[in-house]
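In what follows, chain A forms one complex with chain B and a second complex with chain C.
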Partner chain A sequence: MSDSSLLIVLSTLSTGLIMGAIFSLVAAGVTIVYGCVWLPNASNGQFFLLAALVVWTFTLSFGWSSLAASLAVIVLGVLLAVVLELVLIRRLYNAPNRNVAYFVVTLGLTQILSGIFSLTYAKWSDQFSVPPVIEGITMLGPFPISNNRLLAMVVSLGVLGLLFALLRYHPYGRALRAVFQNREAAALRGVNVRAIYRLSFVLGSTIIFLGGILFAFAYSFDLSVAWTMSITAFAIMIVGGPGSVLGALVVGMTFGFTQAIVSIFASPTVAMFSYLGAMLIMLLFQPNGLFKR
Partner chain B sequence: MTSHSQYGIAAATLVILALPFLLAGNRFLGFVLGMTLISLLWATGMNLLSGFVGLMPLMFAGIAGIAGYAMVYFTRTAGWSFWLAMPVASLLAAIIGVALGLPALRLKGFYFTLCSLVIQSVLTLAFIFFPKFTNGDTGINEIAPPDWFGGTALTGVRFDFALAVAAVAGILFSTWLTQTHLGKKFVAVREDDVLAESIGIDVVRTRITAFFIVSLYAGIGGCFYSAYVGFISPRAFDVLVSLNIWLFVTFGGRGTILGPIIGTAILAPIPFLLQDLQAFKDILSGTLIILVTLLMPGGIYGAWLKLLSRKRGREVQTTQVREQGV
Partner chain C sequence: MNNNMKSWASRMALMGAFVWCSATAQAQTGTPIKIGFVTELSGPWAFIGTNCVAGLNMATDEINKAGGVLNRPLQFIIKDNQTNPSSALAAARTLDVNDKVAALSGPTNSDTSLSMYGYAEQQKIPFLVPVAAFPQLTKPGTHYTFRIEPDAAGWGYAIAKFIEQQKPGAKVAVMYSDTALAHAIVAGFQYQAPKSKLSIVSSILFPQGSSDATVQAAQVKATKPDYVIVIGAGAFDNVLTNQLLDLGIKPPQVIHPFGMTTQVFGWGTRSIGSIYGTFFDHGMDSLTPEGKSFISRFDSANGRPPSYIENFCYNTAYVFKEALQAAGTDDREKLRNALSKLNTKEITSGVPIKFDKNGARKEYMYFMEIVSVNGKRTYQSKQRLYIEWNPEVLPVYDIIK
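And now, the complex of A and B:
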């Protein structure tokens, strides 16, 4: 193998890993909310972008350190999720056909957020980049990869691992999975279903915010990333199986590599077509996804 | 259909036909009226699916876009008359729409909505990435207005009146359709598709028929839109447009004929009257979408009917949507 083709392979590998890790993280956030509350969060892309933009404000305009900015965004994100749950989400817990109602409500939320962004951030800049958390590069053979992106990947995979552990071993996680499987039976066994709904909405939203923060540190971005991420996360959720974190991880990684490989030959939009196609095929033939929970 | 809603439809029809002449003095208001009338035609069409069959078609604007671009292609490149290009383009769009929607129409509820969102996204991407027909993101400008008798073009008040006639025709057609056997099948499918299937209604076929008719509405509206505004781009037919029309229908009251008329009359002119505050349009309509879904699933007209029936102490009209969701 010649040096230049090795370089391409390594670059594809690293981009695929990093993008895949972030995709998986966001999709995991979407999938646990859908699996548990039946809430297909159409505004996940806007949440993702919101976190990234606020990080940009905190680090560049306020001059805060990366860690302080990230923590502040997570705290604000949790607050936002709690308020949304209190004001909007809980009103639909018992509505018939609530997933459609949720989808519509979150589409409305998407429109509000994108309106706010076009009034504010769109006027300030069209490309946003945040100073890296750590400097320096690591050499992977002949291929340089920035430590900053490696960090983003490690953190997202770490959070996914924690999420796995939470769902499998912690009482809260077990209650969450019980509600995934059967709402009534869980209630009969003494699980507070409404509390679990609240917990999973806040947890899922926080994970999406975290994905946005990591993405902001790893890549420069513009406002269109919201829509792309939203569609991608939905596609991952449907293909991987709603409610399955393992599905989100496997399919998210696959999509990350797809994006990296396609980007060598064509524009990333072509990759988008393939996600949408995969989602359509899945919806038609196996709406429960690859990893049925 | 109660007699009072028949009077309501008759009155609305007369007002719609008279408005182009009442606003003839002011070109700006005339334009706002024209855009409202196109939205009215779209809303009436979408109501058939979202109100009567109970499916939320987010690819509606995409289908309108196919018809718009096809119409421009036929009139510009092939040199057809608008009045030939419009029906052909609309039929083409409806056939493509059904072909795209065919698999999705087997699904229901959220999965149909999600599928329709995917199809809409694919169509938007296609409009951007096939510039041969669509001129990509730049869009097509200076689309000629429809030709008219004696070599003149259909412009100004006459075009507004033509749109009023189209909107009224759309309203009368959907009024008639919902009275027929097919219209009753629509409601049966919406209320309980399993029960409908068990009494011998072919649910998927009923949905496909409804979707074809709705796509025709979308297509005809798309052709008129392109010729009326004179400029189209992928943004004119993106998912936000579908969502807006859905909002007109639901805000007014889906599953009724008068509801979408009321909703469109109130909401459609707002973006034009906002002028400098254009950017607030998205925030406003997003807020309305949330409020309507949470507080007023039956819409304005639905709430009014409920009030009326409570006064008279009887059940709500059967064609009206009773539960939350689509």
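And now, the complex of A and C:
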């Protein structure tokens, strides 16, 4: 294989892995919240973007290191999720048709955040790139990959691994899975369902924030990434199966690789939406999701 | 006695201040001359619109401190079009009907400009477009619209001429985002490339919202281009550039059709040696004393040098001033005639401003090479080429619809 062809193959692999890892992470956050609370969070894309914007602000305006900014955004993200759950989300736990109510409420939140971002950050939209946590590149044969992107991929996959371990081995994780599967039975077994709702919302939202931070390190972004990521994350959740982190991983990776492979043969425009084709094919065979609970 | 003297002194001081204020006020009597300025202060193009207003406000302050126009203050009523054509049209209508402005100006985005263009032509309002390069803004039959920025198809033409001079027979790759501006530039380049004996070895279009170009950069690298023209939207431009540089494309091989100050900062030190096109830059050779003063004052006020955006909007105010003085009135029809007959120069660079029968200007472009970049504070550049051309060398209205 010539160097040029090898370069293209390796670039495709790396794109699929990195993009797929970030897709999977964000979708895992979305699916945890939906699987537990039945909350289709329409504002997950705006949370994703908020994290990226705040990291950018801390690094460029305040001169913080990228690592310090990321940790600060995680802490702030947890606090924001806790406040949102206390003030807004928990009021609808017992509402009839609460998934519709949640969707409408979070849609309102989406519009508010979108408007705020447009009024405040739009004038810097040509500058949204964050300094790397780790400088330099690593050579994979003839293909250079930035260390920052490698870090984003490793952290995404690492967090997904920790999530698996939490859900499988930790009492809180097992309680989450119990509520995913049957909340009434879980309650009868002594699980504090409302506390698990709170945990799942905060955990899921924090994972989405982390996804936004990692995306900002790996790529540039603009304000439209909120909508793109929101749609992608929902699509992955539906195809992977609501509440299934494994489903989010498998489908997220599939979508990432689909985009990368299609971009070799077709235009970037076609590649960008090729995952929707993959989604349709998967749903044809498994209309309830690949790993439905 | 002392108290009386103090009291008298303070009364005289007050009176003196009153006389001085009146004298200053008498330099500008009457109601302000109002120009509607509808620009992008929010939405995706806000980073250009806000820069434009910074340049405009500097010029307006200077003009009014010097006595205004026709002994009246010049007032730009600034409205935000949210980078939305419908909002731009609504704002234009409000300025026309409610504020009865003498003219319209302001948009820096081709889509918002086009929506105002239709209104201005229909309502017979002089419309001076400071920064929008879509050629259809001055298509044949245009009567009330005048465009200060050269049309984008011409930029593509100029790039082809630049490359032809640098390396005859060069192989060129093009990577660009799906925006009207990028399409126009690429169309102009594609038209001129065969005439300049250049071959286009790759042409890749990215949808808006793209964040990654890893695979496409590898594909471009595989074609072994001599030059790569990079036209990314927003921060994606940095991603495109860095991914090409990561793969071994050298900075002097990278050409950006346009470079604002914030873009140069974004490209950073990795792009030293890269080329960018512009219409005003603090590194260019032909700065006038007013241009150097403008750069110095803008830098002091904003913490960075101005680029062509701020310069065009700065000059827009002076163009209005000259046209109003030539017209002798703010009557729309007379102002329109004065604009069409204007034969002047950019106050900052001496480049001629003269509009043809459709409101287009004789086209020009500078090509600059990045010499050094100092964080987000400043950069140094040197002029590699200045080129002028007549807009009619390109069948612009045929190649861009």
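Keep in mind that, in the parts below, the second predicted complex is superposed on the first by the 268 of 293 C-alpha atoms of A that agree within 3 Å, B and C clash if a C-alpha of one lies under 4 Å from a C-alpha of the other, contacts with A are read in each partner's own complex, and residues count from 1 in each chain.
Assume a residue touches a chain if its C-beta (ideal position, glycine included) is under 8 Å from a C-beta of that chain, and two chains touch if they have at least 3 such contacts.
Worth saying up front: this structure is predicted, and the values here are computed from it rather than measured.
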Original post:
Between chain B (first) and chain C (second), which, if any, makes contact with A:Phe128: first, second, both or neither?
Top reply: second
**OP:** Identify the partner contact of A:Ala260: answer first if only chain B is touched, second if only chain C is, both if each is, neither if none is.
**Re:** second
Subject >> Touching partner for A:Leu92 - first (chain B), second (chain C), both, neither >> reply: first
**OP:** Pick one for A:Thr12: touches chain B only (first), chain C only (second), both, or neither.
**Re:** second
Original post:
Where does A:Thr269 make contact in the superposed view: on chain B (first), on chain C (second), on both, or on neither?
Top reply: both
Original post:
Which of the two partners, first being chain B and second being chain C, lies in contact with A:Leu119: first, second, both, or neither?
Top reply: both
Original post:
What is the contact status of A:Leu290 with respect to chain B (first) and chain C (second): first, second, both, or neither?
Top reply: neither
Subject >> chain C-contacting residues of chain A that also contact chain B >> reply: 118-119, 269, 272
Original post:
Where on chain B does chain A make contact in their complex?
Top reply: 56, 103-104, 106-107, 109-111, 113-115, 118-119, 121-122, 125, 129, 240, 243, 279-290, 293-294, 323-326
Original post:
In the complex of these two chains, what residues of chain C are touching chain A?
Top reply: 41-47, 49-50, 82-83, 178, 204-219, 221-222, 233-239, 242, 246-248, 260, 262-263, 265-266, 376
Original post:
Which bits of chain A are touching chain C when the two form their complex?
Top reply: 4-5, 7-8, 10-12, 14-15, 19, 60, 118-119, 122-129, 137, 143-144, 146, 215, 218-225, 228, 260, 263-264, 267-269, 272
Subject >> Touching residues (chain side chain A, partner chain B) in the complex >> reply: 40, 88, 91-92, 95-101, 103-105, 107-116, 118-119, 231, 234, 238, 269, 272-273, 276, 279-280, 283-284, 287
